[in-house]
Structure formats: C-alpha cells, structure tokens
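Chains: A, B, C and D, in written order; residue numbering restarts at 1 for each.
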Amino acid sequence: MSRLACDFGPLSLQSPILTASGCFAYAQQFEQFLDLKRLGGLSTKGISPLPRRGNPVPRIYETASGMLNSIGLENVGVEAFLSEKLPFLASLGVSIWVNFFGTDFETYVQCARELSEGSAGRIDVLEMNISCPNIKKGGIEFGTVPEVAHKLTRAVTEATDIPVVVKLTPNVADIVGMAQAVAEAGAAGVSLINTITGMAIDVRKRRPRIATTYGGLSGPAIKPVALRMVHQVHRALPELPICGMGGIISGEDALEFIMAGATCVQLGTINFSEPSASVRVTEELDALLDELGFENVAAARGCLESLDPEPPHQEESPWR
Amino acid sequence: MSRLACDFGPLSLQSPILTASGCFAYAQQFEQFLDLKRLGGLSTKGISPLPRRGNPVPRIYETASGMLNSIGLENVGVEAFLSEKLPFLASLGVSIWVNFFGTDFETYVQCARELSEGSAGRIDVLEMNISCPNIKKGGIEFGTVPEVAHKLTRAVTEATDIPVVVKLTPNVADIVGMAQAVAEAGAAGVSLINTITGMAIDVRKRRPRIATTYGGLSGPAIKPVALRMVHQVHRALPELPICGMGGIISGEDALEFIMAGATCVQLGTINFSEPSASVRVTEELDALLDELGFENVAAARGCLESLDPEPPHQEESPWR
Amino acid sequence: MDLWARLWQSRPVPAAQFRVIVERNTALTGGYFQLDLEAPVSTPIAETRAGQFVMLRGEWGRDLLNGRAFSVLDVRDDRHFSVLAKVFGRGTALLSEAEAGTPLTCTGPLGTGFPEPEGDELSLLVAGGVGLPPLHLYARRAAEAGAAKDVVLFYGGRSEADIVLTEAIESAGVELVVATEDGSRGHKGFVTVPLLERLRAAKAEGRALRMLSCGPTPMLQAVRKLALELGVPAHLCLEEQMGCGFGVCLGCAVPVYGELPYKYCCTDGPVFDAREVRWS
Amino acid sequence: MDLWARLWQSRPVPAAQFRVIVERNTALTGGYFQLDLEAPVSTPIAETRAGQFVMLRGEWGRDLLNGRAFSVLDVRDDRHFSVLAKVFGRGTALLSEAEAGTPLTCTGPLGTGFPEPEGDELSLLVAGGVGLPPLHLYARRAAEAGAAKDVVLFYGGRSEADIVLTEAIESAGVELVVATEDGSRGHKGFVTVPLLERLRAAKAEGRALRMLSCGPTPMLQAVRKLALELGVPAHLCLEEQMGCGFGVCLGCAVPVYGELPYKYCCTDGPVFDAREVRWS
C-alpha cells in the first residue's frame, strides 16, 4: 500500500488514516476488532500529569448526525500511561501520538517534559490539546487567544524534543490566527478540529442531557465546519502540516480533508459504532485514490480547483 | 391558543413560532401551503438598500442532517420591498420582522432609515443581520468584533423607532460578549443563531460543492450549538429577549430553545421540505406545553434545572 | 384543435404538499426504476403540464433534509402519477428501495411546463437518460390530443439498457428515433446526429419547427448549439440542485441573459428558452 | 454440579463485530418485541453469560450514530440469539419496524455476566420491564444445569400486558412470582412485596440467599435497600447510556464507592454489587 505512505512534516506515516484522541482509548480494546498494525497511527486519550476522574453522568448524548460528550478528560496520568499503556502502543510499529493537556501553564509544560523523559523514543508526536471545552480551569482560554496559545506552545516545544502538534478548538472566530500563532511558536503541525461546544435538553425532565450542561459535538454533523477550517488554514499556511478530523466515516470523507489541505486525518466517533472503521476507511481511500488517478496521498493534498467562472452577464442575449 | 401568546420585549406575539429569514422569502409562496395568519410572525429575506444579484451556482448542498448555502443575500432592495412585498405581509396581521443588512456602516444605517421611513407602522422588528458569512466586504467583521457591533447597533437604533433585534453569527469564541455589546447599544433583543460557516468538496471534480467555496451550515446538525449559545446568553443576560433558531423541526425542539432561555423561535431550513412545518410545530408545542403542565410559554422560558448532584465519593462503601 | 388547446392552456394550479404511497416500484433496465404513486385524496396533480415536476421525500429522519426533484412521467388522474428515476446519491438510493406501501411526501406540481406549440409546428423532442419523463408526458399528451404526427421523439443513451419505456410512446403512434453510443439499439452514436438530419430535412420542406429537450447537460448544450446555428427555437428542461422547489430558497439559480443575471429553475423553469441560458 | 460450574465459568471471550439478519420480529403484548437474530457465520455469541449484552445498529445512515445496548435474552447456538426490547426513542423504534431479512450490525458479547452462585444458594431473580432478558437467560441456564429449584423469578410490571415470555421459564420448572401494579396478573402491587416475604421466609429457614436484579431504576433501588437492610448479597444489572459498549468512550460511567469514583457499565458491569453503587 505504498500509495498511502505520506509524510507529516518530519514524520513518515504508512497511511494517512489515524484514530483520534478519546475515541480509541489506549488501543488495547481495539485489538479484538482489527489489525492495529494497519493504522497510519493513533492518538491516545488525553494524558495529564496526574490521573483524573471524569465528569458526573450522563456524559454522552446523541444529536442529529452527531454526539455530545463531556467525559471530563478522565485519564490514567503520565506515570501509569508510561508504564502500563505505552509499551503496548510502541509494540504496534505505527505512529504514536500522545494527546496531552494540563490544567494551567506549568502542568502543560510538566506533562510534556515527563512524557518526553519517559518515552525512550516510543512517542512520535505530542498532540497538545488546548481545546477541550469541558475543563473549567485553563483549557478554553489557551485555545481561543492566539497570544496565550503562542506562549504555551513555545514553552512546551522548548521542554521536549518530540514534535508537538497543537490540536485547536473550532470555537473561535479566526482559526487561521490560532494556527499561525502556534506555528510561529514551533508547532510541528496542527490537528483540526476538536469538538464544537453544544447542548441538548430533556424537556420532560427540564434538565440538560449532559450533567455538565455543555458537551463537545462530534460526528458527521460537524464535518462541514472541520473541512472549512482545514481549508482556511491550508490556504493561509500551505507549509504547515495539518491533521484533519471531524465527522470522517468514509474514504471519500478522508479524501475531502486531504484535498482541502490535510496531510493526514483522524477518525473519532465512528470507532464507537464500528471499531474496525479505520481499516475500512483506509481501504476505501486507497481504492478511491487509485480510481481517481492519484499516485499517492501527497498528489491529492490541497489539489482543490475552483469552479469555472460563469460567462459574463449581458442584458441582451448574444444569441437573439 | 392563548397558551402560546408571549411577549418579546415590548412586542406581543400570538405564538412563539416564527419563520426565519431566507427560508420564507417574502411569504407569498407559502400561502398555498398554510394559513399564514397562524404564525407568531415571520422574518423576511435580508433586505439591502439596493437590489442584489446573488452568488454563482451551485449555491446549496446537503450535508449530514444539514445543508450548506451561499445564496449571496440576493434580494429585491428596500424600494421594491416596501412597494411590492410589505403590503402583503402587513395584511397578515402577524409580527413582521424585516431582516436587513448593508455592505458597510453607512448602508446599514441607510437601510434601517429607509425601511423605517417607508414602513408606515407595518414593520414590527428590524432584524439586523450582522452575521452573514457570504459577503466578502463588511459582514463578517461586524459580527465578530464586539466594539464594532456595538457601534453599528447604536447608529442603527438611533436612526429608527422600530425595535432592532440583532442577529448574531455563531462563528465567534464568545457569543455572550457579542450579545452584551449589542444589548448595551440599544438592541431590543438578539436572534441566535445564523448559519455556521462550512464547506464540502466533490472529490471527483476536485471542486468545492458550493461556488463560493464556503457556505452557511443550517439544519438539525447545528441545533446543539444554537441551543448552547441561547443558554449562554440567557444565563449571562436574563433580561435580554432572545429569538432562538438553528435546526428546529419539532415542537420539542422549540421547547428546548425556550427552556434554554429563548422567548420565541424561528424555523428555517425545515420550510423547504415541509412548507407547512410552522403550523405543525405550533400545534406540537401547544400540546407539549399542555402535557407538561405549563400554563404558557413564559412559564417554560429558562426553566432549566441542573441535574441532582451525585452523593460524595468515598473509598469505603457506607454499606459494607 | 380544441382538446390540444385545452391541454396546453391548463394554467399552473397552486402546488400542494400531500402524502402518497408507492403503489408499485418497477425496476427497469440500466438501473432505472419507475415509481407509481397514489395519493389517498384528490390532489392538483391531474393538472400537471409536461415539464412540471414534484419534490419527493421519504420518512428519512433528520439526515436527508430536502426533497428530491422528479419530472412527472405520467398522470393517470388526480390521485395517480408516476416518476422515472435512476440512482445518483442517497436520496435516489432510498427511493429505489421503496417497496409498495412506502409513504412519501410529495410537493407539486411545480415549475413551468413546455410552452404550447404554435400553429402546426413539428416538435422534435430530444431526450437522454432521466430526461425522458417530461418528453414522455409531452408525447403522450400530444397523441391523446390527436397530434401524434406533429411530434418526433429522439432518444439517446449509452447502450440498449438505457432506453426504457418506449412501448407506450410507440403504441401511441409517436415516431421514435433511438440512438445509442455503442450502437446496441438504433443509430450508433449521439442522438444529435439523426436529429440534425431531420432538422435539415424538415427545414428543406419549409416546415415550422421547434425542439424540446431534457437530458444530460452535454446533450442540452449540443441541442442549444444546433438551435442557435440553424435558427430553430428550442426549449431546454434543466436540472439544477434544488432546496425547496417552489421559489423560496433561491438555491436553484440558472445564469441567464436578460434584465437580471439569474432566473430560478424551480419557478421560472425548469423549462428555459435555449437562447437565454448563460452557459460557457 | 459439573455442568453448572462449566456454564458459569465460561470466561468472557473477546467480543467481535459481526453482521446478523433479523430472522423473526415478534410483537408481544405491552409494546414489547422479540428479535430473533441470525449470523451467517460462527460468532462468539454462544459463549454469552447471563447479563452480557450486545450493541445493535441498523443501516441507519449518518443520523443515529451509535449502536444501542440490548441484554441477550436467549442463545440457541453460535449463530442464533434473541433480544427483547420496547420502543423508547428513535433507535428502538427503527428496530421495532425491522422485518425478517433486515441486516443489523452486532457487537458482542459484551460486559460481565452475573456471578456464579456459591454452594447451594437460593437465587432470587428480580425482573421488571426490559430488565427481563438477563434473568430469563439466567433462569433457563440454571434449569438446563438441573438447578431449576435453586432459582425463583420475581417479575413485576404495571399490568398483565407488561408480563411477557413467561412460558419458557415456567416450562423449564423455574418458580415464577408475578406482581402487577394494577393486580391484573399475580400479586397486586410492587414485586418487592412478595420478594420481601420470600426473603424473610428463606432467612428464617437459614437458607443461603442472594438477589440478582435488572429493571427500572426505582426497582433496583428497592432491591438494593432490601439487600442492605436484610444483609442479603445482591447484584444489579444497570442500564447507562452507552456510546461504544466496549470500554473506550468512557460515556457509561457508574458512580461507585471504592478506590476510584467511577466504574464503567459496559466493561466493569453491567452487573454490579449493590453495595458499591453510589446512588442517592
């Protein structure tokens, strides 16, 4: 499948199809459903310096072509991750992206440093989540103010030798400004997009459907927004590697993101209902690239043309 | 149906179910499908001082539970609106919201003034669209920078005696800041939300599905985002009347918006596939309010409770 | 020609939205299928003119939001009509699987029809693919009005399998000229080749002529080119992505020459004078 | 009791995702329906323990994204099993309309089952509504293992119509105690009333006891209260909104007492010790 091989900045990937943070846990549970070695890579559940308990229930709710979640960034913490989860991940031979976050400036840097120090070369990317809308403290400001994101990215990239990919939130007016801020601060690329903040109400109980009131919207519903942001960022910063995600469920979806400018993509929500989706999507993408005459993924990247302009309008038809 | 009667600020509405701008044209075409007199009101296609041609085709495309559009704010202009469209609208006896916009500061004010002067009391609300993502010049900045929106709202409210409701774009990080800015500048309320900017690609043609590349996403897909913004604004500004919209297709959807804090709601995209939807939704809402024991719409507004807290966590079960 | 006049002068009635059920779903060759639909009560569908269309939608939940446009293929009475379709995307795929008894929502009849003929004009109908229905209805109506001899249907496809529903037309006494690209039925090549021959012959005879066409855009463009070159009036039935079908979403703009740069496929069309269409 | 031991010691096998078709969809009273499902090839379903569940999803397009959880009602062999359901929302509505031949995607078997009994314990099974399936399977399995006399099924509903599928249990020789709120079948009132009587009687006899329950939350809370008050061990099969069913979305958290504040319904459960559940 060399047609699928591609480079994400300095990284070589055997395929542009990865799985997304929070939707693939630490991968073990998926072993029973698919051959994990066929992935381009995978992003882990977000890791913080200390283990975190999650949010109260209900934590998830389905909406039209999408789902809301407010898991609360529950995770095992750096120490347990390094000792219990990473060895398995490293054995897969695919690109390992460790998604991480802190609750403030210092814990972000601390988390990146501890992951680096304990990684022993087994982590390919640190995917920094500055976008989770569920954490009251810290999170959301990092992701919406370019200057803050810049400072944070700079501090984190200086604390580690592992490439840092910054995962941005779509809950902003100007995604390009955010991408530019983190790119200039040393990010190896950006992941676009995290969930969009949303809400649903149970009118019979007069209560929010999610215990924390708001949750993150994912799934096919958000694909048009994700694709637009990938395209905006690629057009403004064509050299910046982009990992695209948001509602991808087919090879055709993946190719849309690649044509919009993504170098690789991640599958999130679809893994819940179809745990082997990443293999199907990989095969569909391979077949589609072939059918459309692309030699490889790079040839398709950003290849979007604009529509032919209409002939000029005239009051008199030239044909009368 | 006095259960449905409600007040939007100084305005009395016979029902909280209105139809949304751009999705109901100037209402005439709907006469063949429903009794327009049963609406709470309706918002017209956005009017600008001069007639405007629209965007090149394709202008619409369906996505998962939603649709993208880039009509380009095509409209007949103030003059033709006042002489050809308004008389019919005024004859309906329902609340007439005239959606309008300009391409810059001056034309916004000019449009509001001309509409006021020609209205002869037949316009109930000027719904100012500062959010259309399809206009290259002006539009988007008005809708995303609070100071600019404030200044514009002030200038427009000073130019007219008709209540001005400002329709906000969801493409911002802080919707509350925007609502506050326009409320302080004299807006009689806010309409939430306009479409979210999105994109889709035809991978076989390597082209965007919409001629202008980006379009506005509407329909059930965006409902969770719309509901969240209504709730955020209502919580921060409980006195501000809110007209909620985004993906409403049932009475239950409408009640979700009302419980989140909307005073009234508008139906948009659903009118295309089901032109009489507003009557169905009105009946569904009426029945649901009855079933749930609400005396009227106002009783349901913002009545959301939060979930019962979990009992405290202990390592030892008290029951062991 | 009283009957003829009556048929063509039936003016557009207000459209309605009503429920229908699938009476029969008949798979034809080439992936085409015919849906025979039945409304439980009287509807305005009996007044449909050839070229008018309906918007159909199944109980598809929240995902496929809008109806899909289908030209009316045939009308039996105020409760029974048919459409012809082929699978393109999700909507037509769902319709293709609809079994007898499946409920659908229908809005129509919508749009303008083909204009009525003037005097004893010869109408050359040019159809391709899912463009058959409006011309099929036109031909049947003309035959019913005793004007079968004033109509010739040119019908093109890639191969034999793409040529469907010809019996009704032939048995109505309408002349049918078929062309397939692979020559498996009728003339080999594009249908515009025999069309051009007939145009030349008829012009030589001095017969008043016009063309009515519906089909894939390249075919319409070829018909338009012939029309402009030979000075034969032509009306084209266009397909444009539609949101509503009744003139409110402004999604179905058709670039035209004229006072305004766009007309609307659903209300000003779907039938347009070939000369006004602003195509490259 | 070799067979018994073998049945309960079958350890969870890795779950798989596989396609099934609806073999039969039987409407029962009270809006309940039973889906008999058939897989084309061998699946791990034969290894299902009572209390385990499957995630089912139809070809529903992009709108309903996730599967829906259903306890396994019965297993015939490695290709055939059944579930019992009732319409709640869109997913169960779609399933209720599934005709024979409808393809579904199934993931399972998932979760833990009820623990095996110790010694000659008497197992009091307490079921309500769609909570019947796991206890139904438990009772059938016990009977097959020759332990029918060690099991009593208490089964509650609002009225007669809510009491379904009792024949199989009775014919297997398992004692059945029914209670309905309106008294239309069995005891009048909540099923916990006859349950309490039996608990008292059995305790008086000195018989080792335990309760296994699945049903609406108020019923589970009542069972838990009885368990704590009388010091009878109880296991509850819980329902929590599920995203994935196999431990990766972390959506199905169950508040518990213990080292961590939450366990997961899909992997740590759905069966939990009544004492560890952290309910108000």
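Throughout what follows, a contact is a pair of C-beta atoms (placed from the backbone, for glycine too) under 8 Å apart; a residue touches a chain by one contact, two chains touch by 3 or more.
If you're wondering where the values come from, they're calculated on a predicted model, not measured in any experiment.
K.L.:
Would you mind naming the chains that touch subunit A and likewise touch subunit B?
P.N.:
C, D
K.L.:
Ranking chain pairs by contacts, what comes out on top?
P.N.:
Comparing chain pairs, contacts are most numerous for A-B.
K.L.:
Provide the C-alpha centroid distance between subunit C and subunit D, rounded to the nearest whole angstrom.
P.N.:
Between these chains, centre-to-centre, one finds 57 Å.
K.L.:
Could you give the separation in Å between the centres of subunit A and subunit C, each centre being the mean of its C-alpha atoms?
P.N.:
46
K.L.:
Taking each chain's centre as its mean C-alpha position, how far apart are subunit B and subunit C in Å?
P.N.:
Subunit B and subunit C have C-alpha centres separated by 38 Å.
K.L.:
Among the residues of subunit C, which ones contact at least 2 other chains?
P.N.:
Within subunit C, the residues that touch at least two other chains are 62-64, 255, 261.
K.L.:
Multi-chain contacts in subunit B: which residues touch at least two other chains?
P.N.:
53, 56-57, 64-66, 219-220, 310, 313
K.L.:
Name the graph shape formed by the protein chains and their touching pairs; answer line, ring, star, complete or other.
P.N.:
Topology of the interface graph: complete, with all chain pairs in contact.
K.L.:
Using the touch definition from the top, list the residues of subunit B that touch subunit A in their complex.
P.N.:
So the residues of subunit B in touch with subunit A come to 53, 56-57, 63-66, 68, 144, 171-174, 196-201, 203-204, 206-208, 211, 213-215, 217, 219-225, 227-228, 231, 247, 252, 255-256, 259-260, 288, 292, 303-307, 309-310, 313.
K.L.:
Show me the residue ranges of subunit A that touch subunit C in the complex, using the header's touch definition.
P.N.:
Contacts found on subunit A: 64-65, 308, 310-311, 313-320.
K.L.:
For the complex, which residues does subunit D have touching subunit A?
P.N.:
14-17, 55, 57, 62-67, 105, 107, 240-241, 243-244, 246-255, 260-262
K.L.:
In their complex, what parts of subunit D are in touch with subunit C?
P.N.:
Checking each residue of subunit D against subunit C gives 60-64, 90.
K.L.:
With touch defined as at the start, can you tell me which subunit B residues reach subunit C in the complex?
P.N.:
22-25, 29-30, 32-33, 45, 53-54, 56-62, 64-67, 69, 71, 74, 219-220, 249, 269-276
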